[in-house]
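One structure, pasted below without further comment.
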């Protein structure tokens, strides 16, 4: 039994398939994520594949700010990933909303919608930083987790939406 | 540095745009600025790298004739302005109904500094 | 059926996925080299499959599970039948069960990508199946039998007699390997307009089952290729190695093409080549 | 004993048919079920024995040959009357073209005295009789409940079921007569009875399109009839016996009687709807489903291929034989292609039938023992599976109100029972280890020496896989945890379906035994080399082998394992995930399949198979197919002159 | 009898969230309706909270791939309203970086196109040689993608003679690598099979639907905003790259030839680079008035409309990005093509959705 | 159809272009805008960086003598470094490492140059 558990753990660490969701990023981080796949960085060395389908993926890489429209999509993509899974937020926008935090259609960082395991700062994050982030996320994959209760997060998201919908950086009179 | 624009009335718009198209102008885009109680709409056209601009000024709550029947390319920008400023365009070919960019959660007309009364229909819709 | 063939079958069933996995690993490594990359470890496909086996189960409906299992069973069965040196055509038909059930599994999910993938997979099968039958008929022409035991016993390398038919067989191999330009219904890296086609809705352990079944299939098709040089082990090895290298090169120098092109081109070229080869044979026999 | 059984299977349906005309539902049910059981038992009892021949001098005290002759004329005049009624000159001409040679034959041509027995039954006849009696009866029984529903659905005021079952039951008798007849004039009589019956059944609903299609069926079959009777006239003129067995066992018959044999084959082609005559069988789809089932699976079309198979030894080794193979293979290929372009379920079944018949005829043309074995086995397996499929489609149609396979998407949750049976029917049609594929395997191996034929068979069988595979898949489209509606099936529907489904599997399983017991004796009469030996459930000859039992065994275990793995107990409800729609699904309602599209509108899951109308639409390529096949047919017939 | 496909927002082929509801019949697209707004941030409204210097950083992040040109155009606008002449060297440096951006953008796009038609090796090749450009960017400007080199009044960094020599060296290398894949794009049967005749946009259509940039030039219209001679372009000799056929292949070739053109322009710039200041001091600028500036992005014509109201916060910044103008032509090209060609055609306009939606 | 072959073969026989990143790290280029630091002891807490930062990620609190940057909101533009009057802000070449928790870069001035500057001014 121990052997199989170990084998499973090794396999999980050695084969993280990623799905990348561009969540309102300026493309800077997206191209850096893609650059990771290319010969210079070649993350396939670690078994990382950009599989593009949440149902096959282990790691969700999100770049960019969350807005009201793509928050739902992000949530859906996350929901379709089978456990064990990890989420990496890339770039200033993904981690906190970055320079756009105050724009009206921005909810904030990825952690406003789904639980984030690793934050990769940078604007845009460098490919090396993204590789570091994935390596950090691998630790999360090792532990077998069952579907976690994310109801509290949903409530948080609702609050965030309320707040951003009603904030008063624009004066509007009837 | 001032922008040379040709000020025209709302009613002349269709005819003016059609005549520009007839002489080979390409529709570039449409800019909109909130002036407080009215909007400035600036139509940008281009012919062989020479630009010409038309400006119409409309009161808030007014509708503007759409030029998407003349230039299909105006479709996107008119929908965008409808989202941002709440200006209604008459005869828009494909109307996204103010949800071109924005979800329901977002407050209406985010680009207006001061928005006057919402159109009656929209309010009932809420 | 004697003890020897039973042992042979068991060995084949155990070692085929291992060989298939290693082959896939080597394939990925060599592909990486072709692209100027370092490439994953050779054992990567095994890591992938083990990881998938340990993931949460997630299905759209239970038919998917059923179909995945049937695919695996039929692939194993067809390989076992090959190891028993039975009839080529029968093996081919048994292999069809698996292919059809994979399509059914994809069609059973109400997902547009999966559905399109299934339709394309059907067209891929439509493309390669007649070619395989023609290849088998060609082998029969030479050896006078569809039975592998008789084919193996033939005293000359069939490749030298049927070089063009071998080319036709490699078309089928390319389609079956899901390599460019024929990775139309599902491709390995998943950057496709239909996501991953037939595999879109499979996930976790069921995807792993499909992958293992795919390895069995690959080994079987390569085994069929090996029938073209049965007189010496070295010849067989070189034939297979060169074939596989050619597949990797072709994969890297061509984009994915559309199914319409595939159907017309592969049929036109395949049928012409095989008829030409047959005509040559006829000419020789007179 | 044998003679009673033969009479039961031929004459009893004729009598029962007349009984069916009485407008009483219970009586009709009893008659149909009773006749079905009786003929089935009779055919089963016949199988016990060896080949036999009978030569009844009289039927009910009337001289038999004379009675048949009189009935022949009566029949032709009935058809003439019909042609008058339809105001169709073509049919009238064709009928007259039969009356004249028949009269000429009966009155003026007295060749050698007919000493051959009028009735002959070998294993092939017995197989045919089994198919006709059992599957035909099951279809008739199914028809009882179907027609109730059908007439209810059409709001028919006065039930016309009496007439319907008259022809249905008559059909069984005529077919049984056809397969047991040795005297070609008898055979001709039964042949024409089936033509008439099929005409009446196709136009049963009386709509304009039904009448038009029935008319087409009639003239095409009458064309075959003309060829048939001409063949008989030439045979008699050449002084050859008008008896099947004597004809094929006459040494050197191939050189002597190729023309009449060719004409008889032509009659067989029309009856089994080979291209370019495929349109009548497709048109026959307008009839109520039991009619289609009967025409397609056990009767009518099987009469044509039966005749060709019977005659095959007579033209073995000739160029004609090769052309027949080519012709059959061409039919196989093109109708399978046409089936891909269809979305109408019954049309698909119709083209698939023609395609399979083409394969049978191709086998007859290949004319090796392996090919003949394939042909005979394919008749059996095709009859079972196709009968099952038609009954399923009929049942489905009555429930969902459509024959379109696109409407059958997700059938498994609306009618789980019927859908499962339909799935079995489809699987047995095209996947190993079931009989239809076994026969296909035999056919391909047998045709391996004919490059063009094997090419057509290979491509055609790939087409077959496409249209069955996608139909099979879309029936199962569903998501987990969807509420399944319980399905009610009347026993009159369920019994035939279950029996046929079980038969489709069981008969495939016992195929080696069936082959040894029933097919081998037929083949051994004419062929001595290259015969398959079916030992221990494995077909073997010197070029190939097919392991029926081992594959069955592994697949049964595999299906059991797969079913266990996918059973509700092993898969938790929590495992359900919505299909991937690029992240646009509705998380609030996971069972709602589709995505939130532009303008905030919900787009339901919509999909469709590829029918490729632009490439291979029926209207687009039918003309070409007819042209080419007519060409082959003309070469074939001029070849025998 | 049709299949409806949700194409995006999360889709392996489209790196960016654009949704197209595509209706197919036998894999032929009969209808395509777009949905935008997945990247919409509303950064034009940020003018009211970020002053005109901070806005440079904001507009750079409209789009990461052509950030330098965004900032350049914005600075041109503000400088235009303020009436500032910037040093000539600054203008040259701006264009050098802009053209480097164009190179990396086109190479990136070429890779994505290769990925869209499933040619992984070409994707890898393009992205590998692109890394050389990225290295130049990182070494000279301090960041790989968003280089933050522009500011109102000039540029923030200088290029040393060593760096210029290195850039020239990299350009030679780049040219060699491009020559290696030239036959693949111009000659290869399978590549041509996927691009020639796919997504045809006629000259009239392109003009009428307002296509810009390589999409327009691929249809045979010689329109390149660089010909107006903004910035340092007035000192440079170049001809706009034009192809006639208007299909995906033509657009590919336009971008591929523009790579060579960009190499040539940078070489000219390095050769002609004048000495001088890097920037002029802009003290407490309070612009008033409105202006429209255009520039040529890798994707086409970029238009900024800026209105100042006499405070350090601008009244309105309006950005019309090239992809925004190329969306209507894309919608016109989609019906009638095959499903497999949708990514190829969609990429042939080089969509940049984050530009489009801002 | 075989136009890519040459490139493929060349790649196949040459060394991989990959930088084996975690095993071999490349020296970062000089002047690369990486992690933002404050030489807090020299900081005069003038708040210029806070005012200039386009991303509003710097918070300067004179009361508690803290200078805080949110490295997860910082866009690494370097504007603050340019505008710092005492040049105590600097950007290191190495980038900021990813982390599982968002930790602010909070610096408290224990003994600053405040007096010195005051004195200088007077």
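Structural remarks
Every chain is named by a letter (A, B, C, D, E and F) in the order it is written, and numbering of its residues begins at 1.
The rule is simple: a contact is a pair of C-beta atoms (placed from the backbone, for glycine too) under 8 Å apart; a residue touches a chain by one contact, two chains touch by 3 or more.
These numbers come from a predicted model, not from an experiment.
Listed here as common contacts of chain D and chain E: A, B, C. Of all chains displayed, C has the C-alpha centre closest to the centre of the whole protein C-alpha set.
Ranked by number of C-beta pairs in contact, the top chain pair is C-D.
Computed from the mean C-alpha positions, the centre of chain B lies at a distance of 26 Å from the centre of chain E.
Our note on geometry: chain C versus chain E, Cα centroid distance of 43 Å, whole angstroms. Between the CA-based centres of chain A and chain C the separation comes to 36 Å, rounded to the whole angstrom.
Chain B has residues 99, 101-103, 110 in contact with two or more other chains.
Each of residues 1, 3-4, 8, 11, 16-18, 20, 54-55, 75-77 in chain F touches at least two other chains.
Under the contact definition stated at the top, the residues of chain D that touch 2 or more other chains are 577-578, 580-584, 598-599, 605-607, 610. Chains touching one another, given as pairs, are A-B, A-C, A-D, A-E, A-F, B-D, B-E, C-D, C-E, C-F, D-E, E-F. Those residues of chain A that touch chain C in the shared complex are 7-8, 10-12, 14-15, 17, 38-39, 42, 44-47, 49-53, 55-56, 58, 80, 82-84, 144, 146-147. Contact residues on chain E toward chain C in their complex (touch as defined above): 3-7, 11-13, 24, 27, 114-122, 124-125, 128, 188, 190-191, 193-194, 338-343.
On the side of chain F, the complex with chain E involves touching residues 1, 3-4, 6-8, 10-11, 17, 29-33, 52-55, 75-79, 82.
Put simply, chain A touches chain F in their complex at residues 39-42, 45, 88, 92, 95-99, 101-102, 109, 117-123, 125-129, 131-133, 135-136. On chain C, the positions that touch chain D within their shared complex are 56-70, 73-74, 77, 80-81, 86-87, 89-90, 93-94, 96-97, 100, 103-116, 118-119, 122-123, 125-126, 129-130, 133-134, 137, 140-141, 144-147, 195, 200-201, 203, 271, 275, 278.
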